[in-house]
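Letters are used for the chains, namely A, B, C and D, taken in the order the chains are written, and counting of residues starts over at 1 for each.
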Amino acid sequence: MAELEIGIGKSARRGWSLDEVSIVPSRRTRDPEQVDLSWEIDAFRFELPFMSAASDSVTSPATAIAMGGLGGVGVLNLEGLWTRYEDPGPCFERIASLDDDEVAAAFVEIYAEPIKPELVVARIAEINAAGIVSCAAVSPQRTEMLAPYVTEAELDLLVIQGTVVSAEHVSRGGEPLNLKQFIREFDTPVIVGGCASYQAALHLMRTGAAGILVGVGPGQTSTTSRVLGVGVPQATAIADARSARMRHLDETGVYAHVIAAGGMLTGGDIAKAVVCGADAVMLGAPLAAASDAPGRGWHWGMSAAHATLPRGARVPVPSLGTFAEIVTGPARDHHGRVNLAGALGTSMAACGYESVKDFQKADLVVAGSDAGAGTDDRLGLL
Amino acid sequence: MAELEIGIGKSARRGWSLDEVSIVPSRRTRDPEQVDLSWEIDAFRFELPFMSAASDSVTSPATAIAMGGLGGVGVLNLEGLWTRYEDPGPCFERIASLDDDEVAAAFVEIYAEPIKPELVVARIAEINAAGIVSCAAVSPQRTEMLAPYVTEAELDLLVIQGTVVSAEHVSRGGEPLNLKQFIREFDTPVIVGGCASYQAALHLMRTGAAGILVGVGPGQTSTTSRVLGVGVPQATAIADARSARMRHLDETGVYAHVIAAGGMLTGGDIAKAVVCGADAVMLGAPLAAASDAPGRGWHWGMSAAHATLPRGARVPVPSLGTFAEIVTGPARDHHGRVNLAGALGTSMAACGYESVKDFQKADLVVAGSDAGAGTDDRLGLL
Amino acid sequence: MAELEIGIGKSARRGWSLDEVSIVPSRRTRDPEQVDLSWEIDAFRFELPFMSAASDSVTSPATAIAMGGLGGVGVLNLEGLWTRYEDPGPCFERIASLDDDEVAAAFVEIYAEPIKPELVVARIAEINAAGIVSCAAVSPQRTEMLAPYVTEAELDLLVIQGTVVSAEHVSRGGEPLNLKQFIREFDTPVIVGGCASYQAALHLMRTGAAGILVGVGPGQTSTTSRVLGVGVPQATAIADARSARMRHLDETGVYAHVIAAGGMLTGGDIAKAVVCGADAVMLGAPLAAASDAPGRGWHWGMSAAHATLPRGARVPVPSLGTFAEIVTGPARDHHGRVNLAGALGTSMAACGYESVKDFQKADLVVAGSDAGAGTDDRLGLL
Amino acid sequence: MAELEIGIGKSARRGWSLDEVSIVPSRRTRDPEQVDLSWEIDAFRFELPFMSAASDSVTSPATAIAMGGLGGVGVLNLEGLWTRYEDPGPCFERIASLDDDEVAAAFVEIYAEPIKPELVVARIAEINAAGIVSCAAVSPQRTEMLAPYVTEAELDLLVIQGTVVSAEHVSRGGEPLNLKQFIREFDTPVIVGGCASYQAALHLMRTGAAGILVGVGPGQTSTTSRVLGVGVPQATAIADARSARMRHLDETGVYAHVIAAGGMLTGGDIAKAVVCGADAVMLGAPLAAASDAPGRGWHWGMSAAHATLPRGARVPVPSLGTFAEIVTGPARDHHGRVNLAGALGTSMAACGYESVKDFQKADLVVAGSDAGAGTDDRLGLL
């Protein structure tokens, strides 16, 4: 692995963002109808390798059901507004009407409302009642506390998610969550993350997780990089996780899924994430732009509600179409943010690949700063 | 070939755009009058190595004839407005007057009008009647359907063009176009593309094509990179095709021409494309800026009319002069977008090269982000 | 060490700025309460590894005392307004009300007032009276002249600071300051800088300094790079100094502290400086943004007052909170410029490190131009 | 020499611009008064290594005399307005009042006025009468024609200058200028350029030139890169010429001076050019910003007057001070564009070098895109 010398005796790898890479067409092509976008994890099969992010602005019980109907899977945040409020509608209204300088204080206040176990059970039940795969997220800190309700509600897939989640957490107060033990004893399959390195990914896989979320700080609302200085460009993080998946498979015979979480806006970004090694993608900002997303024109993550060190913003998102249009089209413009499934399929077809797994073998090229710029501003120059 | 490691076990080449390279003067110079810009492909000789793009906004029968008169060759799109409408004038008027948010829907509607075989024949005949080399483009999907009319009309040069065209296309519905067989049996010489890798270029050459179009997504109207994540920076794509040309020549004795298509705006861009290895260039946006171009101040490609996943925009272009002025000058400003033939010739002269083929040997330098910036914005700083 | 060839026979290293690097999470995490930010230099122990810059806009006797109370250390400039004026208040008022085009002339005039030895003594005494560690800065040119008053006032820590300070200064008029001799004979421990290379750092360490300031031109008010062409990107400068520290320790058994000075704005920047090798950081612009900083919304360095070649600007700074809030929080927004101690601690926790010294071992990744960009502007694109 | 592969079988060097490099302080410093900026070429000694560019907007007989008085040397263009018009004042007035869209046509018209041999002689005589070293420029095309008048007027130093000048020019009409023969037979020492590669520089040195101008297209008014695609980043061009100078010295014992021409705006740029290997610099845009420069707030080069392919613009320049202030100060702001001699001297002092020749040995570092950015825009961010 090539190392760059930052100074004498201190080196670093070059990490690559999805923006910096581009997919190279092969010498084959195929019809866009001739591709298979399906994804299987544990006992579940999805028509699309798309998860909706566990952000209140993206996934409600309603959009989780919509996502399931479109072939993907929605991930409800069990520590968000839906489990804190019987009717979170007024909270969404308030958030949408806040001035920028009111946001931080209001978030702290709104998210101070305690989580209600009965709402945890009820929200999961609502999704299960729609006959789709139910999936929801908890933080490592609250996993032990919420696990019994998750089990009671018969959730299909549990996501344990934080900014950085490791298999070895050091905690002063009491015993921290032992992920390996928890996953082994818990009946529901678990997806866990985020992580952003080969070692971290490998150790998360060794906890027995069905899949891992890859990405620390790449999301559109995240300011982790600015606030903490921590982060790994997403193309590199995904490719490293892919390599950990290969080693884990070799060591255990178990295929742990790599789910790219954050840092993707367009169909092209999703296609690149797959080519880097992702089995599926978790989408936040792209889906927050749905006219029927809960965020009402705004997108935010859970870290935006931190009381003393917020690491995420409430950001405005344009309304680009319905949830269904954004996922499966048709697109009415050429910016690549609508018809994400169509874009992924067309990308695979243009490069001659039949399945998502196959597409992971495609070649990448690193391009300069203009890569992915789309329509060139130079054109208007006189 | 140097590979960059994107992540552990996943590598990529660095690709270079034309913006990133610059031509190094040699230790010789010559008078600008002392250079030869001519280009020969199959039985045809052109004074200039310029093709006009098969975009409705660029090439009409009239501008194809103008292009021929200036020494280049115009490529009429046989699936564009001129073969769908007896009088496409109202369509051009409508397109020029659309609001941005009406464009996508209007394009779908306008381009839904069926192609008329009699118009295919008539448009080609109109160009032939001008006594110049006639050239026109079809998509791989419609090549078999339109071929008889192309033959009937006695077209001189056929271009088979798509976003990505490969020698091995997989299609569910019926047999896909077998390029090799088609070209062998077809009387008219064929140019085919786009492609963007050594392997793809080599396999297209092996179909027997007289030339190949190089470029996936570099054009000014293209959003292929954003929508699909697919694309190769143009300097690298051209240089790889040049290498495929050398191998194909060595294997077969046949010189397949490399035509850079897209990604060039100025005379400097064209000169760089030649130094990278292009025998000729296909120009879209540069010619759409002609006051007498059909697009009436707008430029668009065929993919802008896609019904569910548009990958191209209608973009405004400034009016920089007549078609003749843009191609052969004189230039009235210093931006390098007028007098493209003069610029190519002066570039060759400043570097001491006599012919276009010779100029392919010139040295390149990779420059940082300021390369090609022209007048420096820093100047105005206090 | 990899060298880049600028031209034939002239090479250069690639230097890296803090913006270009990012910290890679390890496979461990810990609770943010489980980290230790303390810093010890010579006989002094600080709860936080933060020094306030010796800029009049940042450090007054009052903010020096505040900084001490928060756990860091304030550095008063003994050649600034507080030792030239009995009551510098009107100067601060005047500077805050200057039009941009009046600044240079006014600075020359304001800083022409002679330094008063009795004020030097009085200001240090005022800080000492608060029961905290006192620290103040002088330039190499005035070190000999001011040293007796520093001693008389019983200063705890002396900083000898200039744009570039070397252990070997050539001077025509009289003997230049012999740093080695001065430090050996002077009772107060000395911190000296700036420097920006391995050799310069090593030679400064060999003068017997307790610590060195690393950074030439990285500060927010500095235009050294534009005016003189001189400067080293800060991540590289710090890492090189870290290497010099290791050699100096090996040769002498003495641990000379590396203090990153300038070029940091956010908690993320501070965390990266530590990972590059800094034992502590000197903060200017981040603290000038305190509502109770002396600069009243403006920040400037001493070089802004140079009579014939100013190399620094008076720059506006937003008011982000009180001095205490900026240092220890709570933050009310997500930009990473408030609660710098909390951010450093959370960064260490997210990466699994317990002490500042430990955190120097963390891994870095070099990211492209988007690294650290925080909320992505692409999000708003339609 | 490291080569980058543009495509298979086509490689390029990485070239570096002055913006991309920065000077590394050494472990020594010295007083700014302790440096020597003098420059000797042929029999002439100058206090400053500065030439004013042969642009009508920069050098008039009056500013040439001023430049000489300040210790540098002014280069009058013998094919500019001063030798075409007895009183060029109205032309300057007209140029300053032109609308942007009138510039190209007006330039063609104004510069169509024939060159008057008697004015060539008179202008040189005017400069000689001031008792300073006289220097003037001609193009290779007109060198033979103007040489007798140059000799008659007893010019001290002749500059033969074009966009690209080579030692081997191929011309159809008549014999081209044989530089080697011309220089051998001509009594006045000759400086010749521009060039931008090792080979070109070496061959120009072998013509017997006392110095060569290095730079193809880096100037502030130049659009050579955009129009022709030709150019080499200036730091690399200078360093290569430095290497050619060493070989030429080794082969012949003759030291041919390397004069960086174009691409410098600030004192920092000049210092970097010297460290790359320049013995002196030719300044256009920096001096056009003098309140008493002939251009009256505008700057343009000769190529702006080309009839069919202009490659330079008329660009506005801010008024930064008098000619004398820009060259020798004092500076009233911190942008580095005033007091260029003071900046070069201070840069040398900060890095511990005594003479310009010595400063060529200083170390460079390649910095990312932020290098030289001066005051950071991030500061204003909330």
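Keep this in mind: contacts are C-beta pairs under 8 Å (C-beta built on N, C-alpha and C of every residue); 3 or more make two chains touch, one makes a residue touch a chain.
The structure presented is a predicted model; accordingly, all values stated were derived computationally and were not measured.
Trainee: State the superposition rotation angle between the two copies subunit C and subunit D, fitting on C-alpha atoms only and giving a multiple of 5 degrees from 0 to 180.
Mentor: Fitting subunit C to subunit D on C-alpha positions yields an angle of 90 degrees.
Trainee: Shared numbers divided by all numbers used: is that above or below half for subunit A and subunit C, i.e. same or different?
Mentor: different
Trainee: Rounded to a whole Å, what is the gap between the Cα centroids of subunit B and subunit D?
Mentor: Computed value for the inter-centroid distance: 39 Å.
Trainee: Please work out the Cα centroid separation of subunit B and subunit C, and write it as a whole number of Å.
Mentor: 55
Trainee: For subunit A, write out the residues touching at least two other chains, lowest number first.
Mentor: Only 13-14, 16, 236, 333, 335, 369 qualify.
Trainee: What chain pairs are in touch here?
Mentor: So the chains that touch one another pair up as A-B, A-C, B-D, C-D.
Trainee: Where on subunit A does subunit C make contact in their complex?
Mentor: On the subunit A side, the touching residues are 4-10, 12-17, 19-20, 104-105, 163-173, 176, 195-197, 199-200, 202-203, 216, 220-223, 225-233, 236, 265, 285, 299, 303-304, 307-313, 315-318, 320, 333, 335, 337, 369.
Trainee: What residues on subunit D touch subunit C, complex-wise?
Mentor: For this pair, the touching residues of subunit D are 1-2, 13-14, 16, 21-31, 33-34, 198, 235-243, 246, 266-272, 275-277, 329-336, 339, 342-343, 346-347, 350-352, 354, 363-376, 378-382.
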